[in-house]
Amino acid sequence: MMNLTNLLANYGEAAAMILFGIGFTNLLLQNNLIKKIIGLNIMDTAVYLFLALKGYIAGRQAPIVVDGVQSVEAYINPIPSGLVLTGIVVSVSVSALMLSLTIRLYRRYHTLNFDEITTMIKKEEK
Amino acid sequence: MAFVQNLPFICILLSLFTGPLSSILSGKMTKKLNLVMITAVGIMSAMVLAFTVKSGEAYTYMMGHFPAPWGNEIRVGVLEALLATVFSVIMLLCIVGGSKEREEELESTKQNLYYIMANLLFCSLLALIYTNDIFTAYVFVEINTISACGLIMIRQNGRTIEASMRYMIMSLLGSGLLLLGICFLYDLTGHLLMSNIKEQVQILAATGEYQIPLLVCITLMTVGLAIKSALYPFHTWLPDAYGYSTMSSSAILSSLVSKGYIILLIKIYYRVIGIDVIRASKITNVLFVFGLVGMVMGSVNAIKENNIRRMIAYSSVAQIGYIYMGLGLGSEIGVIASVFHILSHAASKALLFVAASGITRASGKNKDFASLTGAGFRNRLAGIAFTIGSLSMVGFPTFAGFISKFWFAQAAFENANHTKTMLALIVLIISTVLNALYFMKTVIRIYTPAPALAKEKNYQNITVRGQAPKSFAMICFVAMNFMLGMCSDPIMKLIQSGLEMFG
Amino acid sequence: MSRKLSNNEYQKTRGFRFRQWFDGTKDPYLGEVEMKPVRDLSTATQITSEKKSDKKMFLELVYDMKHNTQVKLFRRLYNAFAVLFCLLLVAMLLAAVSNLPLIGVADKPVNNEVSQRYIENGLQETGSVNIVTGMILDYRAFDTLGESHVLFAATCTVLILLRVDKKGRKDKIAEQAMNDRLKEPKNDKVLQGVAKILVPPIIIFGVYVILFGHLGPGGGFSGGAIIGAGLILYLEAFGFAKTERFFKESTYKKTSLGALTCYCLCKSYSFYTGANHIHSIIPLGTPGMILSSGLILILNICVGIVVAGTMYTFYAMFRKGGY
């Protein structure tokens, strides 16, 4: 099922998957809100690493036309770069949103621990 | 190309543009602009529906000067136009029905921000329905997430901010998995336009290479979208988010937002991977099991609740379980029943939320059951509307819920796999009984006369004219419910023909 | 001789009871009727306060997350399952990656006719020397339209949460927002000196990156981020009073609305003419000149303005709740 030689040759993508797992675990399990947001950023960055590696072709240049050379053999694949550009903007936006939510929660409950905030809310209701 | 074929593109851009335009206008102007825009989109979608039904085939519309696979495009068929029309009607009625609550609960300087979020949500919903490109779908899924979060937290108390934090965490987990699935799919096929991906996937399935990555990719996209639409084990964000925000937000979220993701999932199954490959990969069995568990556990949790809005939110979890069960049955009829249930659930659930807000208004804005005793006599129209909504949810004949349950049972009967049939029928019966338990309990309670309680706590009676926008919304929702319940045959035929041209 | 009973025994006899009745000292209710002890009203308030503190203590105990063993056990089980689930996820992903096409190889599904046309005909069809810019602003422009609106939506949510409206709010947060001005400008000589030297080149560099987006690496997003960074440095060094001379809330609203309107109009024209197969009248110009590539330059400028305003808004909202 696992092709180990292939895995070692694709070491960049393997590293991206391990980073994705680390980020996912952090987002899910960490109690501290800031660490959750850092986990989210790690997860998104891992996906961009994975995507950027898709377009790489050994020995070719970045896709900006120089000297009028327009043959396919001279440049790498431009599509994944465009997708990563879009993804980075999305990542920045959601990080800003989560951070402002954290600021509001901190001002109200004076703690960054998500479990404690849930407990305090349940107590407030009684 | 007829001018009518331009209308879906005009709908998307109109709703997208009213977002930034509302940022410089005041609260009242943005509300009028919002209502005008949704009405316009509804009328245009109805015209597109008439056109596609007459022409009998789907068409693609190039977004730019370059055809697929080099440029972007959207694809319009009967199913897309039908969904767009129904969603615009529901959105319009939800916003109209909740206007008084919004004026009271939101700060006056932030009123226009609510309508900006609603406009962007509506635009992303339209784009998800019409898109033919999988990366565009991802970008609009993100707009959907951010604007849904904005709708939840617009009413700022501690409870809603914690609920929106939880919602964002779960949603971003789902988005991350979806994006990773899209990247895998791009690596395997080299295309981003859905029809082109499908051709490549058919070739891959025939030759048998890249089997494991294809299976992992299907799993990642399914799990990502299931997390975002609150399938059973991933539903923990739902009761808090729906139960504490302002009423029109809860109605819009429960009727429209989760359904947008399910429609994207159906689109991925039919148009990106191909339904044969999906059936061969057996992921439908997993969806079936989780759907069944969700149907039962959602109702069990709803019975335990003491707050009427959280109870209705848990009932949403159960209904989403129904839809996933229909998808998991794997047959054509199952998917048709699921799509019909999307429409009928949207109509009934929004009706329940609007009626519940009418009932709580007549009980001094308290949401617990003790204060709601006798509310059916204080606010007659809301009581009747709530009763009709509950009967539809339980599955009483002549209402929309009965038709969806009937079609689910028929899909279960005609399934080839007999264990699935038995399980589906048994759980359908159990969940109907559980639904009846908590909905009928509420209906009996609001119709138990309690004049002493009303006098002691000084609850006001509310007449039909006293809550004019909400009465209008409730009457329209009831009419829609009856229409879906009694003349459902044309709609089923539309859905069936739409699904045939969907793939 | 009379047998004298003791006092205790005498009190039990009938004669004693008769004597009591005769004298009128007998309490007729004692022993016949059940009586509650007399309540001392002064202790009532003490009892209610005790009950309240009991209730509070009870709540603390029930919701005590730190010492509750059941919650601890649940938390440990949840953590164990979650770690197991994540390990399973990573293993599944690694299994998938090991079966993917190799990196850096030219012969794989990703390098197909799509990228071939972008490279070979991109310059002629879009007019842009930078193939990636041509792709995101011309071939796949719908994605970029959605993406600019993701930024706009995020800005709106930050405004919902953090903007402090001064009309009629007298609470602590509004006061703190006003007081933030007292803490600045810090008049830090080093920071101000460096900012005087650095901010103009930063902004000029940002403008250069935006304008040359179609001729080299860059574009609206990166250029806008650079200009935003320059504005934030200026704000930090010189304070809100000086920055308000040229960047107020109305500035942000008008510029971002103008930029997004322009973007929507340009793209509507482009999509409409494309889908209806009408020839577009926008000239493509000579590749390599700044004023070329049709609408791409205008779109880059719009996107740059939106991103710069957004970065500055995020900073101002997080810092002060206003501009």
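Residue numbering begins at 1 within each chain, and the chains themselves are lettered A, B and C in the order written.
As a convention for this text, a contact is a pair of C-beta atoms (placed from the backbone, for glycine too) under 8 Å apart; a residue touches a chain by one contact, two chains touch by 3 or more.
Quantities reported herein were computed from a predicted structural model and do not represent experimental measurements.
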Using mean Cα positions as chain centres, tell me which chain lies farthest from chain A.
B
Result of counting contacting C-beta pairs for A-B and B-C, higher pair
B-C
Averaging C-alpha coordinates per chain, one finds the centres of chain A and chain C separated by a number of Å equal to 17
When centres are defined as mean Cα positions, the distance from chain B to chain C in whole Å is 25
Rounded to the nearest Å, the gap separating the Cα centres of chain A and chain B is 28
Multi-chain contact residues (two or more partners), chain B
135, 139, 142, 146, 149, 153, 156, 161, 180, 186-187, 212
Which positions in chain A touch two or more other chains at once?
1, 20, 24, 28, 54, 79-80, 86, 90, 93-94, 97, 101, 104
Within chain C, the set of residues that touch 2 or more other chains is 93, 95, 97, 99-100, 110-111, 114, 118, 140, 143, 147, 150, 153-154, 157, 161
Help me check something: in the complex, which residues belonging to chain A touch chain B?
1, 20, 23-24, 27-28, 33, 36, 40, 43-44, 47, 50-51, 54, 79-80, 83, 86-87, 90, 93-94, 97-98, 101-102, 104-105, 108-109, 114, 117-118, 121, 124
Contact footprint of chain C on chain B as seen in their complex
1, 5-6, 9, 13, 16-17, 19-21, 23-24, 61-66, 69-72, 107, 109-110, 113, 116-117, 120, 123, 127, 133, 135-136, 139-140, 142-143, 146-147, 149-150, 153-154, 156, 161, 180, 184, 186-191, 200, 210-213, 216-217, 219
Flag every residue of chain C that touches chain B in the complex, lowest number first.
92-93, 95-97, 99-101, 108-114, 117-118, 125, 138-143, 145-147, 149-150, 152-154, 156-157, 159-161, 163, 165, 167, 253-254, 256-257, 260-261, 264, 267-268, 270-277, 280
Within the complex, which stretch of chain C touches chain A?
59, 63, 65, 79, 82-83, 86-87, 89-90, 93-95, 97-100, 102-106, 110-111, 114-116, 118-120, 122-123, 129-132, 135-136, 140, 143-144, 147, 150-151, 153-154, 157-158, 161-162, 173, 216-217, 219, 221, 287, 314, 317-318
Chain C partner, complex, touching residues on chain A are 1-4, 6-7, 9-10, 12-14, 17-18, 20-21, 24-25, 28-29, 53-58, 62-65, 70-75, 77-82, 85-86, 88-90, 92-94, 96-97, 99-101, 103-104, 107, 115-116, 119, 122-123, 126
